[in-house]
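Below: one structure in structure tokens.
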Amino acid sequence: MPKWAMVIDLDKCTGCGDCIAACKLENNIAIVSPEEANDGRVMFWMDMITIYEGEYPNIRVKRFPKPCFHCDNPPCTKVCPVNATYKNEEGLIGQIYHRCIGCRYCMVACPYTAKVFNWLEPEWPDEFKNCFNPDVSLRMMGVVEKCSFCAHRLLKVKEDADSDEREILDNEYLPACSESCPANAIDFGDLENKESRVYNLSRSSRAYREMEDLGTEPKVIYLQKRE
Amino acid sequence: MPKKIQYENELDAPLFRPIYETGKGFYITVGILMLIILWALIMYITQIWFGLGVTGMNQTITWGFYIINFVFFIGISHAGTLISAILRLSRAEWRRPITRMAEVITAIVLAIGGLHPILDLGRPDRVLNIFTSGRLQSPLLWDVTSITAYFTASTVYLYLPMIPDIAKLRDKGGKLTWFYSFLSWGWQGTEHQKKVLNRAISILMIMVIPIAISVHTVISYIFSMTLQPGWHSTIFGPYFVVGAIFSGIAVLLILMIVSRKVFHLEDYLKKIHFQYLSTLLLIMALLWFYFTFSEFLTGIFGSEPHEMEIIHYKFTGPYALFFWGMLLLNFIIPVIILSIKRFKTITGILIASIAVVIGMWLERLNIVVPSLANPRMELPIGIYIPSLVEWSLFLGGIAVFILGFVLFSKFFPLISIWEIEEGREEGIKEVEERVHSYLPGKETGSK
Amino acid sequence: MNSMQNKIIAMAQLVSFLAMWIFVIGIIIWIINLISISVELQDAPGVSLGISLVAIPVFITLACILTYAYFGFKKNTSNLKNHSED
Amino acid sequence: MRKFIKHNFRLFVIASSAIFVLMIVWTVFGTRHTIVQPIEYNHKIHVEEADLICIDCHLSVETMSSAMIPNIEICQECHSDEPFTDSPEEIKLLKYIEEEEHIPWQKIYSVPDHVYFSHRRHVSIGDLECSNCHGNVEELESPAPYPSWEPTMDNCIDCHKQYKVTFDCLSCHR
Amino acid sequence: MEIKRREFLKLLGGVSGAVAIGTYGCNQVIDVPERLIELAKKGLGIETWKNTICGQCPAGCGIKVRLVDDIPVYIKGNPLYPVNQGGMCPSGHSALEVLFNPDRIKEPLKRIGIPGSNKWEPLSWEEALQKIADFLIKQRRNNKSHQVAFLDGSEQNSLMSEHIAQFMKAYGSPNYYQYPSVKNDSVPYLLLQGTQQIPSYDFLNTKYVLSFGSNFLEEGYSPIYYTKLYTHLKELTEKKRTRFVQIDSRMSLTAINADRWIPIRPGTYGALALGVAYILIREELYDNEFVSKHTFGFEDWVDNEGYTHLGFKSNVIGNYYPEQVSKITGVPGETILEIARELGNNKPSLVLGDQGSADNTNGTYSQMAIHSLNALLGNFGKEGGLYFTDQPPLAELPRVQEDELAVKGNSQPPIGCTYNTSFKIMDFSINSFTKNILSDNPYPVSVLFLYKGNPLFNALNHHDLAEALKKIPLVISFDSFLTETSEYADIILPDHTFLEKWDEYSNIPSVGFNHVGIQQPVIEPLFDTRNSANILIELGDKIGGTVSGSLPFENFEKEIKFRVEKIYRSGEGAIISEGLKGDWLEYLQQRGWQVGRYNSFDEFWKLITKHGGWWNPIKKEKGIKNIFKTSSGKFEFYSQLLKEWTDELVLMKGNDSHQNRELVLSELNINARGDQVYLPHYEAVPVDEHMPLYLTTYKLLTNRNGQSSNQPMMQEMFGYTSHQSWNTWAEIHPATAKDYGISNEDYIWVESSTGSIKLKAIVNPVVMPNVVAIPFGLGHTSFGRYAKGHGVNPNSVMKNLYDSLNGNPALQATKITISLAT
């Protein structure tokens, strides 16, 4: 059983923000009205965190993309009252929008604030309704959503693999962000597969996870900047 | 025009008066309350229609008024049953006029508080998912179960001791006789029935206490089960319980004082009752402060960065005003008033209790919001400004509570008549014996 | 007429009493259902069991107390009638 | 009788209206509403006379997620200008073909957009027979008025359990 | 935070609730082509991918569009395309929001209100074109063809620009201009080495890169290309890694990713460069051999008349010693010493200069100074240096046939430059363009074509420009949206969006190899729009004669084919495809194997459209000699070209007298005198009393030149780095903020002598003290529902300052003051 994980090399990542756009486009994420945005209700599945270290003028800016970390020991799934968010055997944390009752307990429980909530009915001009990605369903008002590691892509990839009876190749299943990162900073693959790039990178000396002390065991692994 | 019901010659006439004499005041109050509730209802409908977007919550601060009020109301609910149970257990004779009111508060407030999580749902239409596919692992489900248990228990606990009084009302006749006789379960006041009743009550009061404690512990679990700094602490259970009882007593005191004025129960609710209760309040205040102190002490002493962030935010951030306000209202004011004899008048107690109620609400606010406002990740600090809808629903909740209390006072005596009588008949003798039994020397009185 | 009314009331009491039991049983069934789900999904069945172990007895005792009171009173009233008759 | 009505008229009104409402509810929800197709397509004849098999017309069953409902492009490969039979339905078809307008078939098997269903997965990988879900269409002499098997989640899950295949939410929901 | 608390208390009434109820979502119902919806509904979900070129910005990345049932639903980078190699930038992803934008112009429009009133009525294509053609013919007949001007804001070096040039030349007008103009940017290189080409940099083989404000990861000609280079560097092993040092007054995206950030006072880059030169020269760290062999004017020299001229060396030694420089620039002396030594000691080391150093009144001289460092280091024609790509073997458009009308027209002076005669250095200055139009000098402009771009939004002199646009009798805009500018047009001929049209891109400036990209329609035009190129061809035909003769193509696609066919015949390079990465390709060619044999051009064409482009990574070996096209055939520290042209100007004033020279120099805003004028030197930027702070603007990847402002996704993402959506903000250093009593997220007034704007302040130490950095792009007053009324436009408070040598706007020269807005 594969275990999907993401490795983000902060040494390469320039912080261009393309992953955010790719993600929004791929997953039909609603774009809230400016007023909503001002109230802090913007929806990014992939967000960009910026940390300023050091004293002027020797400032180091640490900027890294933050998807859902798909923890191996997720705090969010434990508290869900209706099984709307859960961890499947491939280690993906699923969010089932039609099961969710919108209690937002999972958002509260997530130490990485990786989840976002549809405060209002998401709306688009009819024109933009043409260019929805048909593989991803639209969310409705009052449910929680989050990065899915583009699980809908996995469905197709699996199908291809099964139909010509083979394993899923390395780099065959890539989320939108990893696929279009201009700096090749985002790698994605199977942690169980010893040959996969991700496996090898995750064992590098630079590898670290966000807030490991919490014991959530994120499956998004960052590689420190080289100095 | 039904024939006038005779109660004036009764010994406890004042207790019957509110039931049989309806003044203009009653209708006005009910009317106003109804209006408020209607408004709240409209607001809730708008929320269902447009979604939770009409509240002031946002992606970082995802829990707001609804959860705050939920905790707050459930907290108040602890007044009654717990106190009356404890007093009953400890055979405190001064309990007799208090218990009934306390239990009423519990029953009503619990109903309101229990519904708050539903207000908070993004999709109330799917609430049934909890039954079809719930997960008992989720603290929310623990709440659902424990609150239902507590609710049933406390209603039963309110109802059983009321039966003799209902029977009294039934025997008075009048339009509602059928209603009372339905509720009175054919109470005749025979020895056997008394025995049954007393046994039932004594079992109940023993089991109600742990339930009550558990309920509030469980509510604190909602927070402490998460990893959020400022929440993830073991002290939360007792802390919440103390806070609950604290606010509960305050509300009880307020209601007692008010109904004393309104229903002219001066003869029943004597100064001594307030003295005793307010002393209890004072103790709780001190206890509460101790818990608050130790909570922050652990945080500050360990000074785990995220923890510190939030503590600092509470002390100096945009909500600092509310934090210090909380300390003032919950600790300084009540302690000053209640510990100085001169201030410890009825009005003084009233002021103190009101202060405590507000203070406890602020405490809930200070628990819920700041932790959410400072995400562990270096995201912009959120700000939460409750919207009109939230305020209205809060008001509505309070209105429902008052309405419930008023209506109850319309149909049932606010003070347990038979217990008073019992007090008159047996109480004194029984106490005397008991005191004797405490003292050295051979058993006297008891055969 | 009066006897008629008494009958109705007695009926109503019985009904409400049964309703109470149905409520309690309903809750118990619900909890058991949830346990079965959690077992099926291998989703922390232990926890569910733990909760149920606390919850179910509480409800049952409550129901029992009410039953006890209910029949306790009834029994006695019937005695009364007998007394009055003879 | 009339006397009875006169006496407790209110009761009568209430009762009758209640019955009426019940009837409406019954008609609306009680019966499956049937779907009428533009052409009374006869599967049987195509299978037996023209001995076609499903994939001949539903081309993409084995290769794609949607099976594809055949339309004039495919029909006209056999149905050229002169009709094989004297059935009015075929005339209709030919009319569509010569006017080159698409036949407005009605879908009767459909899943909501938050569900990913793939024929390829079920047919070519899972080796299911069409009849497993669609019933024995070969016998149908007129289009099915309603699905022989409702594609609801419960039904899906039942089958998945029965065949011991995954019922992980993410394997269908997206 | 303070404010917020007050709000909180104030808001017991709960205004926000009411707001939320009032305005939720951004809902709008406009008719969509039915067939699209139909297709989308009952489609089979057949998935196809089409390769084309992104038109969101000039970078010209290859993109791969995912179509489901022939409707584009997703865009990703074309992994084969050598420029971006599958990479993308955010705005590229939002291209679909351009295609399906509800505010697109769906048919030709005729303005009915007064200019700028934004009142329109539809117009049939025939009618519109006839109207224009008649006018053009009339103009031409009355020998007024030169009064027709064409302003091309696409800033893309695609075939389109050449197409337009061809048309204008044939029609007989010298007034075809690109704005912003790449030619202007290349002026420094022209002056120093006589070529108008932007150099490319061999990052991969260099050890040390010193970038003077060149924000190549964000604002460069092709950010994604540079991001890719950057990544390749990061993939190299530790010891081989290049060290980046970024000199900039703001910590740009490039600075963040650089190994070191050196803050510098805006407008003083030139001084710093010369300061570095000082150390290099003093410590003998420069490439003596190269300097002596291939440069002119390093040492003092004597001309034919026997005058001794100041040399670069003595100029630098004389004026740019570290203390002096650090006084000017605010960079500590030891820092200058450090970077100079690092630069000199890890050869090959590169020096870049752009944006920050270029966008100022002294931009050209700063760039010259910076570029002359490359000369000192001898970075020409060597590994890890800079080089110039060859031209792709595309067929030239057929020679323009000029009838006598055209000849006469073309002989007229262009009005787009300073002075009524062309000042050859500069390609175009919108400032002078406007002035000349307003003053009918030397002749009035009667027709103005606008293609893409939005000068009214970008330019610093927008008030005058608006007046000028009002003055012109016939303004025609080819645009898919109603921008600030096109609101002043009389007729709008809606263009396709780039996902619906044909075009051909070749050799994006500073991209290190020779490449051609084919932009092709991925979807049938949604509305009744036309490719502007075809419109020009049509107009040409309507005018007839030599004009139509010069564009002998039935449509633009044919024209592109004609151009590409030559590549096929030349047999150079290869169509991009898997496995044909640079070195492998090189290997093949060294073995003398023809890469990619195609039996016919049709096959070639099919393949190139399938894969999206052609490239040739092999640089033709050309000696250092051929790089420099100067009169001395060397790299000229002392620019004889500049001398020559200033002398011409002086002569134009009458005789070569001292005061005439003074006059000219002052008109050119050059403070230096004597030989310094022609040498790289530091020109002081204009000072402004009681305006203590510098205003610098920058462009984000999410919205270059404000052209993504009508795309909601980009609006929401605009400030993703500081979590600001749909809004402009100002970055201020904590120290400065403290001086003005400003705390984070406060609203402030930014005030210059020309105006003031209100915006949110973000206080963090990523700008240097006394500098206020504001992102450019928002603050539209038109341009559709998503752009209009969000954020502010920093250019609206900028003073109308220009680099008078190359005519580029001085975006960093305005001084401002700020105050807390209450």
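The letters A, B, C, D and E name the chains in turn, as written, and every chain counts its residues from 1.
The definition used in the following text is that a residue touches a chain if its C-beta (ideal position, glycine included) is under 8 Å from a C-beta of that chain, and two chains touch if they have at least 3 such contacts.
Since the structure is predicted, the reported quantities are computational estimates derived from the model, not experimental observations.
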| item | value |
| --- | --- |
| Highest-count interface - the chain pair sharing the most C-beta contacts | A-E |
| Remotest chain, chain E as reference, centres from CA atoms | C |
| Middle chain, criterion being Cα centroid separation | A |
| Centre distance in Å when chain C and chain D are each reduced to the mean of their C-alpha atoms | 48 |
| Geometric centre distance via CA averages, chain E-chain A, whole Å | 34 |
| Centre distance in Å when chain B and chain E are each reduced to the mean of their C-alpha atoms | 69 |
| Junction residues of chain A - those touching two or more other chains | 36, 39, 42, 50, 78, 83, 86, 99, 120-121, 134 |
| Junction residues of chain B - those touching two or more other chains | 50, 53, 56, 133-135, 137, 141, 379-380, 383 |
| Junction residues of chain E - those touching two or more other chains | 16, 20, 24, 45, 723 |
| Chain C - residues contacting chain B, complex | 5-6, 9-10, 12-13, 23-24, 27, 30-31, 34-35, 37-38, 43-44, 47-48, 51-52, 54-55, 58-59, 61-62, 65-66, 68-70, 72-77, 79-80 |
| Interface residues, chain B side, partner chain A - complex | 50-53, 56-60, 62-63, 117, 120-124, 126-127, 129-130, 133-135, 137-141, 222, 225-228, 372, 375-380, 382-383 |
| Contacting residues of chain A [partner chain B, same complex] | 36, 39-43, 47, 49-51, 66, 75, 78-84, 99-105, 107-109, 111-113, 116-121, 141-144, 210-211, 214, 216 |
| Complex contacts: residues of chain E adjacent to chain A | 16, 19-20, 23-30, 32, 36-37, 40, 45, 68, 71-77, 84, 86-94, 96-97, 99-102, 217-218, 223-224, 227-228, 230-231, 234-235, 238, 241, 251, 253, 256-257, 261-263, 701-702, 712-717, 720-723, 725-727, 733-734, 764-766, 768, 790 |
| Touching residues (chain side chain B, partner chain C) in the complex | 131, 133-137, 141-142, 145-146, 148-149, 152-153, 156, 160, 163, 178, 181-182, 185-188, 190, 192-193, 196-197, 199-200, 203-204, 207, 211, 214 |
